[in-house]
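Questions regarding the structure given below will be posed in turn.
When the chains are written out, they are named A, B and C in that same order, and each has its own residue count from 1.
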């Protein structure tokens, strides 16, 4: 199909408009509805994980005070908290939610290329969530193997949920991967093959670039998790020995022999490291757009930003073993993986510079989305530099498996992307509902969340310097800790509870503003990218009018000298002056 | 404006916090000062980057905040600036990486003169093995592990005969002597971690991993497990003592070798009867225990456990705490069993006595007890038979008042007060799961149920060692 | 922006970075199938890498494939006889698939559908022979996923898992071929065009290619 023929084809795309309540809100093929379905499910299950983290913090801050928290329950909390947050909240929300919402709108497409597959994708994801939560209702409860699920421990006595919990977890992950693959194929194909006239790759907003690269990573990284899940299920159920050497478990010699626990770790982290960027890259992209829009200035070094996303994506496949410096793998791997890991710091640092340089000589509107974006940069820098500690192989030796690691990854892939998600919701909510979110509630939510999480995680690094090991149900008497550590743990717990409770403000804001919010109009932030130029707000099924929009410029024409407004939408044709001035973009 | 100020406070506050914080690395006790140096270099390069980026942002947010009539600059890119930043970053990265890799190079190359010591992790304790005179460790195999061969030593390997075995208790190391630590695991992943040594490495079942260090400061250090290994992960502690040459030599000489294990005298029940007379005064003629004299029931208890406890009394791990009055009574009694043969004979005699379930004296909510017991069941097994594999004694059918009292003693660290008593220390952690006397009574009441209805209900004498005789699954009390 | 780069003279870069589509003239379905196959490649790579790893970590001897997979023909054990036939059949099916694609290009729908059905039949034969092989291994030689009399347990584990996963791919391919063939036969794609045959073909060739790797790693190593 030639390109000239393709645009009319896209414009005439078959859409399967809803005919009933069910096809409108439940089995909808509209990417925006699917995005909201993903969003609500992910936030719902994320709240479960938030409650779990509060229980963990209660135990850590005030050990032996709560009857309902025993070691079994505690390890179940950490496992479910970690897995839900990484996979079922962050991955699902950033790609299933924002990927679905933004890709067709920002590329100027009617919808995803295969809306039906897209719809199935959500329902399979929903099934995976059900399977995951079902593990709370089976004998033994959910698995308590830690989100890394390392064998042999994950399938041996001494770990909670060793009968049913681990199988449901692995099954749920496999189902999730199927869901992700169906969605992901859609995002990538849409971005590659179904953009509108004039939307060249180098005119795409960075959000789309981030989502694109993250999806590619997902499609290539999830297979490793899928395969290891299958093998562990076989080890557990029919007694194969892929990951299981000969072991004596609680005094019993088991029938396993000859397997390799390290194989699992390699497979897991071959998935697990790109997974970090599956979460981070969409956040990078989205935050670039937030900063540029609200600073009324083009994103600094757009081309560098794109290449940095691509470089980070590619490099993320050859750094996985930095999670395994003290795993007992061949020590020479340390040289290679430390080097690749620190190389990846360069494009990442460039992104940080470009965000800050975008603020330089800008006209900064400190709206709520902008506050979240700024907070992201600070948090991400903190999380990023502590990553250099852990990536620098020998520095990792004393710090690995301590609270330094916990603090690091919560800063870099917990709080940072969550701040972006909040910012993005404040930013795009008006487009999705036609209403603005309440500003006062937004400010309260922002300050408590940002300062609160900083108070939780910044001092936590110092627990790691002391050497306090992570994943301890209770420290008890420990030679290296004294009263001050106990006090610090209590402070962190209190801060965590406050931050947790204040998320109610956010949820309330979402509900309240939907009914009582100020009308937003089509383009409240005066943004340039395509989604703000839709004929209707919220956009209807099919997004655009009869004809798809035509793009004439990149997404960052803010404060162009000599123009009346401080923004020029992407759909605005170039003026004679611009052409005369030789500006090609 | 406010935003800029708050962000400034966050950035400066982080710096101030760093200087005021009492939390930093423990004082180093090994040769790995270079690791600390690498951390130091990384810390400062990263710290400066954080401060510069943070301050620049604060300044930009303040300087370019929204103002009437202000227009942002239009500057899509600035190649020169981007290149400069890239190069500066690369220099910073190389500045961290180069020293890091040089120290890692040291870390992975064990010096020629290092002595080997093997450390084995299991759920949830550490054991140690040192090569004997020949300087070479014998071969081991997970499949050879039994109650009498806890290390899985190959009995035919001549190199193994003089290996020094430390099943429980502390590992001693010689000051200024590099050690190559060989790590093994019997079951799941563990990680041998002494914060003061900085070095750390996983123990992986099915393979031998290694690391090396030189202890440089005498003293006693706590061993932690740094790789999640199940619900007892936090209780998996150990002790390392760094000695001068004399003390070290004395310690090595005092530890049994594999040939000592193999040559352990076989208990003679007839000879043991005479020795038991002393015990009978309190524990009863039939070993049934006597509440009035605070003596628990002995019959049916596993041999390895009684051996370990007599040893603990003799070495002052038990019966030395000032608040442990009954333990203090036992200590001199244990001393009357002056050699290994005497101990083995008495144990053999006790094992020949009929095993009747001890009478229940404590009542409680059995259902709640069953729920609480799930945490105990991992080591002590679902039927309360105990397991030498986890160093857990039999509970079911034993004196319930004694169990209840011991749980309290563990909770108060009266039992388990000595850091080198790793077994008892583990129970000090686990016992804290039982909040209040009610919980203790409930769980003990449930254990009584196990004694009444489980596999110990009959009079028949069952060797309560899950390992050798009966497997976990076909015990009647097990699910 | 691509124009501004030093790469402007590279036609490829210009094409890729241009608007609407990176791969000009490639239908959505075909692009999506390529990306899916790339993802699937990673699955099989992970399986085969894992197989090689456990084959190296296990301490026990690996069973000799030429003995295990030998088949008696006229009273003489011929190593790898069955596998050779299976491989031949699968490669032949790729040939018929290619002919079907060719017919599709020429819009000859009946021959295209027939050739696809022939391909499906070859695929079904392959699965059938695989079932025969599995039965032989399980019943006659006592190979189980958790152990076997000849040596390392991982032999059976990896063999059943990987050939099983591949067999599922072939079976799914057979179903897919039949569905598409029937639709082609009925003229459903007269208007839209016959890209679908090529897309199906991509999948089929991929499954065939994967088999070559499995064959090499399991039977020849």
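The rule we apply is simple: a contact is a pair of C-beta atoms (placed from the backbone, for glycine too) under 8 Å apart; a residue touches a chain by one contact, two chains touch by 3 or more.
Computed from a predicted structure; not experimentally measured.
Asker: Does the chain-touch network form a line, ring, star, complete graph or other?
Answerer: Looks like a simple chain-to-chain line, open at both ends.
Asker: Determine which two chains are connected by the greatest number of contacting C-beta pairs.
Answerer: A-B
Asker: From the C-alpha centres, identify the chain that is farthest from chain B.
Answerer: C
Asker: I'd like to verify one number: the distance from the centre of chain A to the centre of chain C, where each centre is the average of its C-alpha atoms, in whole angstrom.
Answerer: The separation of the two C-alpha centroids amounts to 34 Å.
Asker: Could you state the distance in Å from the CA-based centre of chain B to that of chain C?
Answerer: 50
Asker: I'd like to verify one number: the distance from the centre of chain A to the centre of chain B, where each centre is the average of its C-alpha atoms, in whole angstrom.
Answerer: Distance between chain centres, rounded to whole Å: 37 Å.
Asker: Residues of chain C that contact two or more other chains, please.
Answerer: Expected reply: 57.
Asker: If I count partner chains per residue in chain B, which residues reach a count of at least 2?
Answerer: If we look for residues of chain B contacting two or more partner chains, we find 206.
Asker: Among the residues of chain A, which are close enough to touch at least two other chains?
Answerer: In chain A, the residues touching two or more other chains are 245, 258-260, 302-303, 585.
Asker: Quick check on the complex: what are the chain C residues that touch chain A?
Answerer: 1-5, 16-29, 31-32, 35-36, 38-40, 42-43, 45-47, 50, 53-54, 57-60, 145-146, 152-154, 156-158, 161, 165
Asker: Report the residues of chain A in contact with chain B in the complex, numbered from low to high.
Answerer: Contact set of chain A toward chain B: 63-64, 67, 70-72, 75, 144-146, 150, 152-153, 156-160, 245-253, 258-262, 295-298, 300-304, 326-328, 331-332, 334-335, 338-339, 342-343, 345-346, 349-350, 352-354, 356-357, 359-366, 371, 374, 377-378, 381-382, 385-386, 388-389, 392-395, 397-402, 447, 451, 454, 458-459, 462-463, 465-467, 469, 471-480, 484-485, 488, 556, 558-561, 566, 585.
Asker: Under the touch definition given earlier, write down the residues of chain A that touch chain C in their complex.
Answerer: Going through chain A, the ones touching chain C are 1-3, 6-7, 113-114, 181, 185-186, 188-189, 192-203, 219-224, 226-228, 230-231, 234, 238-242, 245, 255, 257-260, 263, 267, 270, 302-303, 551, 554, 584-585.
Asker: How about chain B: which of its residues touch chain A in the complex?
Answerer: Residue positions touching the partner: 3, 6-7, 10-11, 14, 17, 21-26, 34-35, 38-39, 42-43, 46-47, 49-50, 53-54, 56-57, 60-61, 64-67, 70-78, 81-82, 85-86, 89-90, 93, 96-97, 100-101, 103-105, 107-108, 122-124, 141-143, 145, 152, 183, 186-189, 191, 193, 195-196, 198-207, 209, 221-222, 224-235, 374-375, 378-379, 381, 387-390, 413, 428-429, 432-433, 435, 439, 466-467, 471-472.
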